[in-house]
Structure formats: C-alpha cells, structure tokens
Amino acid sequence: MFIQQLVNGISVGGIYALMATGYALIYSLLGFSNWAHGDVAMIGAYIAIQSVLLANMPLPFAVIIGVAGAGFFSFLNEKVAYKRIRDNNSPTMFLMIAAMGLSIIYQNAALNLFGSKFKIFPGLSATSFNMGNATLGLLDVISLAVSLASLVILDITINHTKLGLGIRTVASNPYTASLMGINIDRYFSIVFLVAGMYAGCAGILLGMKYTVYPTMGNVALKAFIASVLGGLGSVRGAIVGALIIGIMEVMVTAYLSSGLRDLFTFVLLIVILLVKPSGLMGVQVEDKA
Amino acid sequence: MLKVENLSAAYGAIKAVSNVSIEVKPKEIVAILGANGAGKTTLLKCICSAMRKSEGSILFEGKKTPDKPYDVVKLGITLVPEGRLIFTNLTVYENLMAGAYLCKDKNEVKENLEKVYALFPILKERKNQYGGYLSGGEQQMLAIGRALMIRPKLIMLDEPSLGLAPIIVSQIFQIIQSLQSTGTSILLVEQNAYKALAISNRAYIMNVGKIVKEGTPEELLKDSALLEAYLGT
Amino acid sequence: MSSYLQGIIILVGINLIAVLGISILTGFTRLFSFGNAGFMSIGAYVSAIMTAKYGIPFIPALVFSALFAGCIAYLLGTLTLKLKGDYFLITTLGFGECVRVLFAYMEPATGGARGFASIPHYTTLFITVISVILAFVFAWNLVHSKTGRNLIAVREQELAAEMVGIDTFSSKKLSFVISAIYAGWAGALYSHNLTFISPEMFNLAKSSELTITAVIGGLGSLTGTVLGTLLVTLLPEVFRSLASYRMLIYGIAVVTVIVFKPDGLYGYREFSISKVISHINNIARKVPKKGADANHE
Amino acid sequence: MQIMNELLKIKNLSKYFGGVKAINNFNLTIEDGKTHGLIGPNGAGKTTIFNVITGVYKPTNGSIIFCDKEISGMKTFAIAREGIGRTFQNIKLFSYLTVLENVIIAGNQDITYNMFESFIRTIKFRKEEKALYEKSMKLLEFVGLQDMSQKRASSLPYGHQRKLEIARALALNPKLLLLDEPAAGMNQEESKELVSFIYRIKEEFGLTILIIEHHMDVITDLCDECTVLNFGETIAEGSPAQIKKDPLVIEAYLGEEYGC
Amino acid sequence: GGGSTQQGSQTEQNGAASNESGDKEPIKIGYIGALSGETALWGQAGLNGMLLAEKDINDACGILGRQVKVISYDGKGEPLDSVNALNKLIDQDKCVAVVGTNFSSCNIPMASVADEKKVPVIATAASSPLVTVDESGKLHPYSFRIGFTDPFQGRVIASYAYKELNIKNAAILTNIADAYSTGITQYLIDEFTKLGGKIVAHENASSGDNDFRAQLSKIKAAKPEALFIPWIYKDVALIVKQARELGIDCVFIGADGWDSQDLPKLAGDAIEGGYFCSRPGFNTPEAKKFAERYQSVYKITPEAECLFGYDGLMWIKDAIEREGAADSESIRKGLESTTNFTGLLGKMSVDPKTHDPVRDAAIFKIEGGQVKFVQIYTP
C-alpha cells in the first residue's frame, strides 16, 4: 500500500508540476502570480476536446491545436492586459489583479460557450502499468515525463543560452534591458507564448486524466503553492515543490486524515517558509541600503 | 552625426526640456553642463527614446530615430544611464554579457570582456556576485563597463563619475578620451565641469530646460561670469 | 423602504466594512491577504455560536468576535509577517483554506459542511449603518494620524521607514490585525444577516473579491474604497437578470479598470466636498470670462 | 562621566559576506560635536559600516557603542530612535509622497498621542499635529525646499532629493547623522553650498556627523578627523590635511592628481 | 449550452406575454436557481421546465382565469445571492410564491426570509431537513420542498443495499466540504449499521479535488462489497474511474447527485452496474412525453431537474385552485394540505408537520451505458 500511495503521490505531483512549470516561468519573468494560468490551461483543453468532438480531428492534431491555442491566448493576455499595465508603470500586483479578472472572464466565457457540462476525451482508455502491487497510469508517466523534459529544456534555455540571458535581463529590469538593445516586447511575447503552451499541455493532460470543465483551471492554485514552496521564479523549485505537495497530500490522506489534508499541507508550507523565507530553491536579492 | 532640433519634453505639466538644439559631430566629445534639474538627463533620455518628446526632431546620421529604445540602440547609440540601473539579480558577468547583447561576434565579446576586466579589476574579482550586492562605486563601474562591451557609434554618459573614488574618476576621463581615439562620438553629462571641459571638443550649458550657451571649452572658460552663473567656481 | 433595498444596503455596508479592512492593509500598507474571508468566517462563526448556542447578546458577541479575529491575526502575523510579498500572501491564503477546513471539521460546534443554521437575525439596517460609520471614521482617523503615516511609510519604502524610527514589523502587524478585526466584524454582521453560514461561503473567491474591490476602488483612498464597494456590490445586483453573462461582465470590468484606470476609480486621493466646490467655482469663473471675451469680439 | 563625549565607539567590527570581508576589525571613535570623514576606494566597505551601525546588517564581530549603549544587534528602527539618522547612497525616499509628507513621517517620533486620542481627535492630537507640520515646514525651509513642499518626491532633481533625505533624517532629531555621499551628483558650487549647509545644521541641531564622500574638497572643508578605509581595514587616520599627504592614501585612493 | 437555453427562455416569456387575454393582472411566480456557474446545468433545466409549465397553464386560460408569469433570477448556487434574489422577487416583483433552489445551503437561509415575508418557497432538489424544519425542530411554515430529504435518501440507499443487494460490508467516500454529501453520509451510516451492516472504510475528500486515489487505495485495502459515493455526478465519474483503475471491483451506490444523463457518458465502463436512488424521473409516460417536448423546444437533453420546475409550478396551480385564491397565504395553505397531487414525478402528499413530501423513491441502475429504471422503492 505504501508503494501504491507513493505512486499516487508522484502522479498527483506530476500534474501539479506540469502546471507549475509555465506558472513559474511567468513568475520568474514578471515577478507576479499569473492567476489566469490555470484558465489558459482550461482553454487549451477545451480547444483540444472540441476539435475532437466537433471537428472529429485525430487526437494528436487536436493536442497540437490545443497547445497552440493556449499559447495564443496567453500571448493575447500579455498584449491586451499585462503589457498595458506595465506601460502604465503600475505596481506589479496590478498584474495579479488583472490576471484574476482574466480568470473570471475565461471561466465565465467557457461556461457560456461550452456550458457547464463536463467533457471527456473520447476513445481514451485508461492504460496503466502494474508494478508489483501498485498500478501506475500511462498519463501519469506522460505528465511526469513532460514536466521533467520541460524542466531540462527550460533550465538549459534560461541559464545557458543568449535567449535565456535576454529573458532574464528583461525580467530583472525591462527599461535597462531595452537600453541594451533588447527587444523587450518580443521577449515578453515569447515567454507568454511558451508559458501558455505549457499551460495548454498541462490542461490537455489534466483533461485526459480527469475531465474538462470550466473551472478545471483552479488546480493552478496548487501550482502556485508548489512554486512558492519551491521558491518563486525557480522552475526547478516549482517542480520539486509540486512533487512534495503531491506526495504530502496523498500521504496525509492515507495515513493521517483525509479531512485535514489541506491543513497539514499548509502547515508544512508555513513551517518551510519560516525556515527558508524564500522557498526551497528561491533566491531573493534584496535592495541594498 | 547626431542632430537634435528644437526638442521639448515634459513630465506631465512640468516642462523639463524646451526648445533644445544640439549637435554631435563624428569623433567629437560634447559636454552638457548645468545645475541640478537643468534637464540634462531628460535630454539624453529623449535622444534614446526612453522618454517621449513633445516637440522637435532627433536625427542620427541624417535619419529620424525610431521610437523604441531598443531600436535606437541598434543604430549604434548607447546610454550609460543616471542611477546606474544595473541588473541587480544578475551576476556581474551576466550584466556585462547583457551589455554585449547586440554583438554577434563571439571573439569580439571575449576581447571586450577582457578589456573591461582590465580596466576595472574589481569586476573580474566579483564576476559571480549579484550586481545588487556591489558597492555604489562598483555598480557605477559595472554600468560603464557594460557600455564598453560593444562598440557604439555614439555613447552618451550621464554623470559617469558619480560616486567614484578620485583615482577612478581620472581613469574614467582617460577611458572617454581613448574611446574618442577609436572613433566613437561622445555626449557627456557631467557635474565636474572642469574635468569635462578639459577633455571635450565642445560644450553646451543648460539651465532650466534651455541651452543658454554653446562653445568650445576655451571660449567658455574665458567667460568667468558665465561659469559663475551656471557652474559655480 | 422595501426590504429588498434594505437588504442591498446592508449587504453594501457589510462588504464595505470588510473592504475597508483590506484597504488599510493593501491600500495603505501594501500587504496582500487572501485570508480575509477566513477572518470573516471566524467573526461569523464565533458570533453565531455565542448568540445561538450560549444566548449571549448580540453587541457583546459582535465586539468579541471581531476582536477574536484580530487576536488570531496577531498570532498569525507574528509568525508570517517577516515573509515578503507573495510568500506572505501564500500563508494568508493557506490560513483561509485551513480555517475553512477546520470549521467544516468541527462538526458539533459549527454544523460542519452542512452549515450553521438558525442564527438569530440581528443585523438590522440601523446596526449596519452605525457600524459602517464607525468603521469609516475609525479608518479615516487612523489613516490621518501618526499610525496611518507609519503604514504609508511601510508601503513606500520599508528600509527608509525603519531608518526614521518606524517599527515596520509592528506597523504591518497592526495593519493586519485591524484588517482582520474589520473582516471579523463584517463576518459577524453577515452571519446575523443571512442567519445561515457554511464554511464554503468564505472561500478563496470571497477573499480575492475583497482585494479586487479595494483595488478597483483605488488603493490608498478610503473614499475610493467606498466607491469601489458600491460598484462591485451593486453592479451584479443590477445585472442579476442577465444570469450567466453577469460574471463575464464583472471580469471584463475588473480588467478594464486595472488597464485603463491604473489608480483605480479614485486612488491615492480622497474625495472631498470642498475640492468639488472649488472645482465647480473654477469652472464657473472660467465660463463668464469666455462669455465676456465673446462679447468683445 | 568623561566618556560621555565619546558619542560613537566602534570596536573590532567585522562584517563578512560569505568570502568577502567587507569590514575587517574596524575601530572608530567619534567625539560629540565632531564631523568625521570616512573615505576610501570603491568597495572599501564604507557603506557597509553605515549599514552595520544602523542595524541593516548584523555584524559578524565586534561592538558598537552609542551614547554608552551597545547598539549592535538592535533593530534598525530602535537604533534610529536612539538618535542616529542617515541618508542613503542610493536615494531612498518615499517617492510617491510629497516632499512635505516625507519629512512629516520622519517627525512621527515626536508624537506622543495614542491611537485612541487620534481616533477622537483630542486637543493634544491637534496641537501635536500642528507642531509637527510647522517643524517640517521649517526643516524644508532650512534645506531650501519650502517651495516644493507639495511636489512628489520622485519628481525632484537628484540634488534636491539628496537635500530632502537630509531634511528627513533631521526630522528624527538625531544626535548623530550619517551622510552617505551627500555631494554625489552635485557640481562644485552646489558642493560648496552643501558644505555651508551642513555647517549650519550642525550648529542649529548640535549634531555629530559621520560622512562618506568622494569629493575631497567637501571632506577637507568639513571634517575634523578622517578615516581612510581600504579592503575593509583602516589604512590611515588623521586630519584631512594629513591624510591628503599620506602616500598610501594617494596610491590607493586619490591618485597623483591630488597628491600635492 | 447555457446561451441557447437563455434565448429559449426569453422567447417563451415573450410568447406568454402576448398570449395575455384577460384584463386581470398575471399571477407572478418567482424562480431562483444557479443560472450561472458550475451547476447552471440544473438551474437552467429547472427554469426551462417551469417555463413550459407556464406556457401550458397560459395556453389553458391560466389559473382562476389569470395568466401566470414566471420571473427568474440567478442565485449562482450561492446562499447570499439566492437570498438577495428572493428578496427582489418578493419586494420588487411582488411574486406570490417562489420555486427554487436545488441547494440546501441556499434554501436554509431563504426559509427564514420566506417566513418573515410570508411568501411560500418551494425548494426543488434541496434535501437537507433544515430547509423546512429548523434545528430545534420548529417548522418553517412557508418553506416547502418537492424533492426528498437526505435522511430519506440515506435510508433508501442503505436499506436497498443491505436488503436487496445483500451487502454487508460497505465503504463510503464523503465530500466533507458539501452539506449534501455529509448529510446523506450520516443517515446512511445510521441506517446501514442499524440494519446490521458494517462500514469498513469511511474516507473524506473535498469538492474541487480531482484525485481520489489516496482514499481509494485505503478503501481497496478494506475490501468492501459496495462503495457509497454520495457525490455529484462529475466527481462520481472521476471517483469510479480511478477506483476501477486501482482495481476496486465492488458495486458503486449513489443518490440523486448521480441523476444526470451525463454520468454514464463521463464515467464510461467504470460506472457499469452502479445503483442510485432518485426521483422517478422520466419513467412515467407523461414524463417521457415531456422529455420529448423539452428536447424539441430547447434542443438539449433534459435533466431530471426540469421535472421539478414543471411540477413546482403545477403544484402551485393546484394549491391556488384548491384554495380559490392566488395570494401567498392561500398558496401556503394549499401547499400544506396537499394530498395526492399528481405531477410528472408521480403522486405526492405533504406531511404538514415537516412539509416534506411523502413520495416514492426510484432506484436506477446503470447498464450498457444507460440509466435504467429498476423499481420504486420505499424502505
């Protein structure tokens, strides 16, 4: 049973991790919590599932369209809302509020457009592997693999390429970055596009594993918690945080109390933050006096 | 090379620069002098499109400058901004590499990096430290070093000597002169009027948003009333 | 007055008290909390239990429950206010969720997830109006005094604030406690207005709604807060018959205000009658002048 | 007590950041009423000393005694309340507030009314608020910013922002004022004005001053004593005139130009 | 989806208005439901059903010669919004009776408002006993319900499982964040253990959870013969799928939260062989015909909730006609004295002491991807 619960935990964590990747990417760039991230994921899932249901598209195509669509909407968020807020020189928290607004818009637009019915991807049988006395779902393996792969790709891109350096300068101070000749608008667009595509991936996998519905993006809250735990802005931290939260939740449910699961999770979070105020892997360069 | 004509700019209702015309010719060092709040910084910001002008035109090599700072920089204009503006959460090395962002030639970047390290050995020592943890003067050196990572046609320096130890200040002025000798034009804003005049070919004196006097250092230094009035003696 | 109208006024009043708390916390101290719905629920449950189960009169229960929420905030703040930005935010969010889980869990005392019914209906229009006036005047006088200036200093530049002798940690804690007291107060009024509460009512969405309202009204402005609350509470009411498009409109409104009115409806300044009068006077003075000019021509 | 005129005494102070020894075994005594200069190359550790004195950083080692009281380890705000005011090398104003509000906030320590009194607006409240307003305006007048009292602090030019920082520090009624490069970004004339201005505030407020500055003329005109720092250690001490002749100082800091 | 039904309802209303023949004021009846949000599916269905009833009544010359007008507001499925909507319906629109909602959490606070304003409210699927009777056992005189209660449902499924399905050891997974789920759980456990059964595992989860494998793994270890899942169908689909994935092969049993056409579609094979209790639904010939009509008007498959909407208004009509007056007080009296009112959902009488309807529960089984009616069952 312990092994099974561990597998369960990793699988739950894997989903959180996938969501957290794109989320952490945006945080690392703009320093704000993109509360619309989960809803972009939801949009991606809907685009994919509608392509299958309405247009009878083969699944792989639908997935590609869904991922691209999510990227597009994320890009749109940047162009329509976030960019203007930055140009206004508003405090970064306004970005977060705008994201909440966007989240409300997306959820309700989805409700009106697609109805409140829950949808499932057709023709997807729950393939799972038996390992001794534990079972592991195929989708779990995929989501974990995708998030680990994305971790490696992002890690290399951000820390070891010129593109990554550009992104980090824009993150650090867009004005100065533009004085270095860096086309900040393009970088913002790229990052939102990529983050949106990650969200799309997460959304589609989530939809395949569970169901597609307008408020499915709310799992992103867990991604938020995971990235805080791992250290905001650190993609690596976000993934580690996600796995910790996933395993923790499952273990508390299994061995302590299913009712008080969230209580334990948050107490753990607070304890970790008290010991490490910027998360497990976060760095905070403070204003020098 | 750079021609600013009848430029005006304002922060909301406050007019910071009005009707300013200046020119920088190739390979020239031009100084802009003036008291606190004269509008010098504002002028430089307008030139690199970091701030919107309300009137006037800015021509670089005969063409109007684009209105995004990053496009202006691509023309070969670099600004060492007031207040250093280094990337605090990037390391010293990364800050310098960011300065070389437009430079495609890897060898040239390497060369420039060595050059900057040679000029400011402390930066080499601290290359893996976060920019934000440098001392004020070290940050200033980093800001200047970052600008030296590429070879622009025109470099604009906004009070480069600010917060530097006297020995480094002298060095900065030497660096500026050596830049000139490699063919770069320089637009220099400085509080240290005498030092600035000593190395510049021409100078403008600004007061309350306007150019009040233009001339060669010799001419300006002769006019003691003028110096008294605007720069203090 | 129709009781529907009365109900709406009471609702605006209750929301206003909770949002004023957020305004002090976020608008004047720049701290974010996603746990204020949690404090509301503490106020709501404590006062409901006191009155319904122990027969304690309303006013003492109201005062006690608000202060109790404040005490919890004091303890929580002592632990977590050292954290910065989103790290603090997440602890408040976690707190809110924990409170919800706990109230659902403490079945015998709170009725659990099924909710707490048969709470006496004590929240009258009169009590609400008095509460709002008290809450507003207190907030106003707080903000326009030494304490308020300390909070603003923390908002603007923490290090500089420390350097002029302001105990930023205590200031933040004070701000947090006051916002919790306001939330608890609003919560208690809420429970005695609705006569039924359940943990689900005080979820994250409620907390974020409070913050959104404060931001829309305008940070750093109490009058802006009033304006924002009126708008956010009344708009959905006006659009009630639009059903499913209602929340869509709300979301669009939020984004529009944030993007096009970055300071909110009335940020960083206060509405004052005298300013309006002088403004009108200015216009009035200009108009005849124009007329006079026209005559000359 | 004869030690009373030792206002600040720093003993064996060290501050390390990982491998960087920003201050190493530093000693300093400032007597009441004196102006003490702190100079040295960039990165020598001057600002770090200010940060340690004001409690922004905890010292790795050593003690700081202010008015006979050990202050190392105390919180920043408490140290400020003991009577140490400071300005910042990288200006840190309450930039969104007006010039006047910046000063008023710093004057908050004068105020003795409690929250309840402010709630019911007692006479005491009104009196103290009025006194604070007047004091702040007077300070602004003193630094010459009275005409800009309603302007947003961030819209002032650099030099004026520095003056505002000084006014704000003064509003705290400090005994010791720490100035971190107050003349940075000022021209010669303005530096001169600054010197006479600092003399005036010293007089008026009976201050002791510790000043970091790279403008040697400011140091020469102002300081009674001077400490030169390099790599976190004192390399020379004495009057400005003595220091300027010190070959070590010339080599490390001043350069030949100054060596007269 | 939601959009098209919205339009449908508007045309219905317009039709009703133009149909107006008599010079008398129409009788205004309110409706509150979640017209937006996650459960809008049910809220909309209830409204649609009620609008069909409105049309039928008005086409047949109204009630006592007066037309009926249905006024609906969105209650978002949230207590506060529902109370506001109720106030608005009573104070502004002068409705004499109100139908809705399907959530206990909304109807409990609405009950006191109804009492205060003396306007009867008929809850649809809200199943907590507290909707009609307060904690001290006092009746809310103006609060009625048309569906059945948690204790009743709990008793039904417990006894059906124990007696008919012969289950002795059962497990429960409860949604502790939900009144409905915790309510049923409590009565279910009481009844099941009273009958002699044993609850071998009782696990909790919360709404919003997507993953139940931690709980299910524990349940699996307890080897139950049946798993009670008193949840709403969306979560049920996830739970049963994950349970089967983990190799739990016992029978699943639920309550009226399962009653949606969507459940077999969402849950697929995993739910095969599952049982739940609910109202009789579309199993009478009348209800079947109604379903066809509904489908042709609204172009969506009907949810059983629409029957509540239809019957709700018809029940009010019945009460008015029996009392001969269309004021709130008469309606209240009429509703309270209902015996053998026959609607689409079958016969129903009201227990005047609790205002709970005395009606039969139906047992359904999911077979071959279809919800199959099994039998009427009374414990």
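By written order: A, B, C, D and E. Residues from 1 in each chain.
Just so it is clear, contacts are C-beta pairs under 8 Å (C-beta built on N, C-alpha and C of every residue); 3 or more make two chains touch, one makes a residue touch a chain.
Since this is a predicted model, take the numbers as computed values, not measurements.
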Chain-contact steps, minimal, separating chain E from chain B: 2
Most distant chain from chain C by Cα centroid: B
Mean-CA-position distance for chain B and chain A (Å): 42
Interchain centroid distance [CA atoms averaged], chain A/chain D, Å: 47
Between chain E and chain D, distance of the C-alpha-averaged centres to the nearest whole Å: 73
Rounded Å distance between chain A and chain C, as computed from the means of their C-alpha atoms: 30
Chain E residues counted as touching two or more neighbouring chains: 2-3, 36-37, 40, 176, 206
Touching two or more other chains - residues of chain B: 133
Contacts with two or more other chains, residues of chain D listed in rising order: 47, 54, 56, 88, 90, 92
Partner chain A, residues of chain B touching it in the complex: 48, 50, 68-71, 73-74, 78-79, 81, 85-90, 94, 97-99, 101-102, 130, 132-133, 146
List of chain D residues in touch with chain B within their complex: 17, 20, 40-48, 89-90, 155-160, 181, 184-190, 192, 214, 216, 252-255, 257-258
Chain D residues touching chain C - in the complex, by the definition given at the top: 54-56, 75-78, 80-81, 85-86, 88, 92-97, 101, 104-106, 108-109, 111, 113, 115, 118-121, 125, 129, 168-169, 171-172
Residues of chain A that touch chain B when the two form their complex: 162, 165-166, 168-169, 172-173, 175-185, 283, 285-288
Interface residues, chain A side, partner chain E - complex: 1, 4-5, 8-9, 11-12, 15, 108, 111-118, 120, 126, 128, 135, 137, 206, 209-211, 213-216, 218-219, 249-251, 253-254, 257-259, 262
